[in-house]
Amino acid sequence: MNLEIILFIVLALVAVVSSVAMITRPHPVISAVFLILNFFALSGLYLLLNAQFIAVVQVIVYAGAIMVLFLFVLMLLNTNKEDNIFKQNKALKIFAIAIAVLIFAQVAFLIFFSSPSDALNSQVAESVQSGTIQQIGTKLYTDYILPFEAAGFLLLAATIGALVLSKKKFE
Amino acid sequence: MPQSNTEYLQILPFILMGSGIVISVIIEMFYKKSEPVLGWFSVLLFITVGFVSLASINDSAVLFNNMIEVGGKPAIFNFIFTFGAAVMILSSMNYISKYGIYFGEFFIIVQSSVLGMMIMAGAKDLFMIFMGLELMSICFYVLAGLNRKKIQANEASMKYFLLGAFATGFIVYGIALMYGSSGTTSLPYIFENFSSLISNVLFVTGLGLFLIGFSFKIAAFPFHMWVPDVYQGSATTITGLMSTGGKTAAFSVLIIMLSAVFANNAANTFEPYFAGISVLSMLFGSIVAIAQDNLKRMLAYSSIAHAGYMVIGLAAGNQDSVAGIIFYLAAYTFMNLGAFGVLSIIEGKDDTLLDINSYAGLNSKSPILAAFMALFMFALAGIPPMAGFFGKYYVFIAAIKSDLTWLAIIGVLSSVISVYFYLRVVVYMYFKESTVNFSIEKNNTGLLAVVISGILILVFGIIPDTLLNVIISVLNF
Amino acid sequence: MIEQYIPIFLVIATAAVFGAAVVFSSKLFGPQRPNDIKISPYESGKKPVGNTSERISVKYYLVAMLFIIFDIEVIYVYPWAVEFKSLYAQYGIFAFTPMLIFLIVLELGFVYVYMKGGLKWD
């Protein structure tokens, strides 16, 4: 066994165990901490696929920023113990299971029966290279320059919107 | 990177809009009483961008490595967005202080949302569609909840945000599947290989999810749950923008995505879906609107019905029907904005004077407002000389050409039902004695907005064929 | 290609081992004679009141939102910085202008928040 397979098995185990732990903990803050662990394991898996940029985004944005927002919301709402919605509403549980099965079936179909990456298979070397930061930088600042500038205006609108919606002055 | 430096000139409407937003933020930062300045600056900006877009209607070009299209069809959409937004800003200038949201930020966020709509209408790449959609939607979520003291506004913002985010989830998932099956996000490339992609299960699933997501945004029947509460809870003029600009932008994306289906002359794969949602939206919207006494809520249900009429055009799926939809959208934008403009003038503090009883005897209080309200109601109902009639007429004719006569018949039936609740307002205004005592505040800019919408409706109604021919000439499939 | 990450994994492993060692060695080697006062949350004598998860002010929401927005900005700057040399060699000044526009738009938002007192605690 080479290093990659060992790392894959370790990271995949961490990811699965932490996500199961996340949905079974009664205390939401502990769930959130398990989610961070899950994000780190996923980030390692992305690195194994040579998708460095996604790995970095996973750590900086998801494990960093998004988790901060999750924890802020938990503290704003002050939920000590979750009220188990599945206990109150049995039909919801069946619905949740149905959706989970559906998504699992879809992923299984993607992996085993369809060949979504036919176009990529013919250029494996290129597709492996395309995850690197250099590749993404080149594409983002040449071909995709317009969506990039649009993202700037999106973030500006979000900044102003956040201020207007939460500052006392705007009441 | 653009291929040549002339592309910077061609993309001028977007550059103008972007720098307008930047200048507005600077004005807002350094100028104490920025609200009137920003209001008039926005109107000027919108009109300039609208005319610059229209000027390039005949030289359509795809710029920045197949990212965005300018001129042609996007030019017409840009005209609808910018002039609609200018009318909306005019009605808002006095209204927002009455409603309690007298901030300069209001204008900046409206400008940003219009930039988002323009990006959506010109998109030639799935990334651009998504960026424009998010820019527009986030601005709308903020606008809906701008008055934090009003509990209904908070409810509206929350509902709009949760359901809008849900719809965006569908759209992103659809984009992911389309990207996975085609290997690209560039629409010209996808359209080139469309005949082979349409047999790919993954691609069709992705396109289906994409269409479902946009059915949320146009407020068609099974995905309409958010509409009445959001439209009623938000400020009246903001509702006007959401129900016109937002709907038009979503339709522009649907037309872009489906133009490949139409052009390929493939059996319209999604025809049953569109026929189904259009029948349900038309009947549901028209029938439920009958029971509404609150005019904002009534217009919300009528907007669901109008989405249904427009979707008939998507089900028919030929060039005439697309041209009909665009004409209908232009007419609908101004008649709805006019109706919401009248509502915003009459509305009192704290969401009062919105029910139909307040409109009893309006003719004796303000003959001008009553006349224009009657005009907008006739136009929305689709009474012949108005623009609204020709919108419906073109769409129904196109449906009959595509052997969808039954759909056109249901459309006509539902229009007949809808005449009841539109004319009810007119009857109240002219033939009932006033029971509620109130005086209409002087609101010159609001009246100007109403007059402009009225004139545009009449112009669209007088020369519909000329306009339709212009629209057909720029449709390139 | 995974071999190039070995140094990073080594650093992570060292950090984890060091952290665990610090926590557990004091338990392992230190003397432990606990009593009620010693294990109370505040040894100074103050009795704990209420729950650990107090409900916090909504003012923190703005801080969190601004953090996320500027965090995402960093994500956009990062690949540009990595790739700037080759972009500059190819496009000259046009490698610089898009990021300049992006940063002007974004920093305008930052200045706006500052001017409006968004960073003040009122």
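When the chains are written out, they are named A, B and C in that same order, and each has its own residue count from 1.
By definition in this document, a contact is a pair of C-beta atoms (placed from the backbone, for glycine too) under 8 Å apart; a residue touches a chain by one contact, two chains touch by 3 or more.
Everything numeric here is computed off the predicted structure, so don't read it as measured data.
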Innermost chain by mean C-alpha position: B
Between the pairs A-B and B-C, the one where more C-beta pairs touch: A-B
Chain centre separation in whole Å, for chain C relative to chain A (CA means): 18
Whole-Å gap between the CA centroids of chain A and chain B: 33
Chain B-chain C separation of Cα centroids, rounded to whole Å: 41
Chain B residues counted as touching two or more neighbouring chains: 1, 18, 25
Chain A, residues touching no fewer than two other chains: 142, 145, 149, 151, 153, 156, 158, 160, 163
Sites on chain C at which at least two other chains make contact: 91, 105, 108-109, 112, 116
Residues of chain C defined as touching chain B within the complex: 91, 94, 104-105, 108-109, 111-112, 115-116
Chain A residues within the chain B interface of the complex: 110, 114, 116-120, 142-147, 149-151, 153-154, 156-158, 160-161, 163-165, 170-171
Complex contacts: residues of chain B adjacent to chain C: 1, 18, 22, 25-26, 28-30
Complex contacts: residues of chain A adjacent to chain C: 3-4, 7, 29, 47-48, 50, 53, 56-57, 60-61, 64-66, 68-69, 72, 74-78, 80, 133-134, 136-138, 140-142, 145, 148-149, 151-153, 155-156, 158-160, 162-163, 166-169
Chain B residues within the chain A interface of the complex: 1, 18, 21, 25, 64-65, 67-68, 103, 105, 108-109, 112-113, 115-116, 119, 125, 127-128, 131-132, 134-135, 138-139, 141-142, 145-146, 148-149, 180-183, 201-202
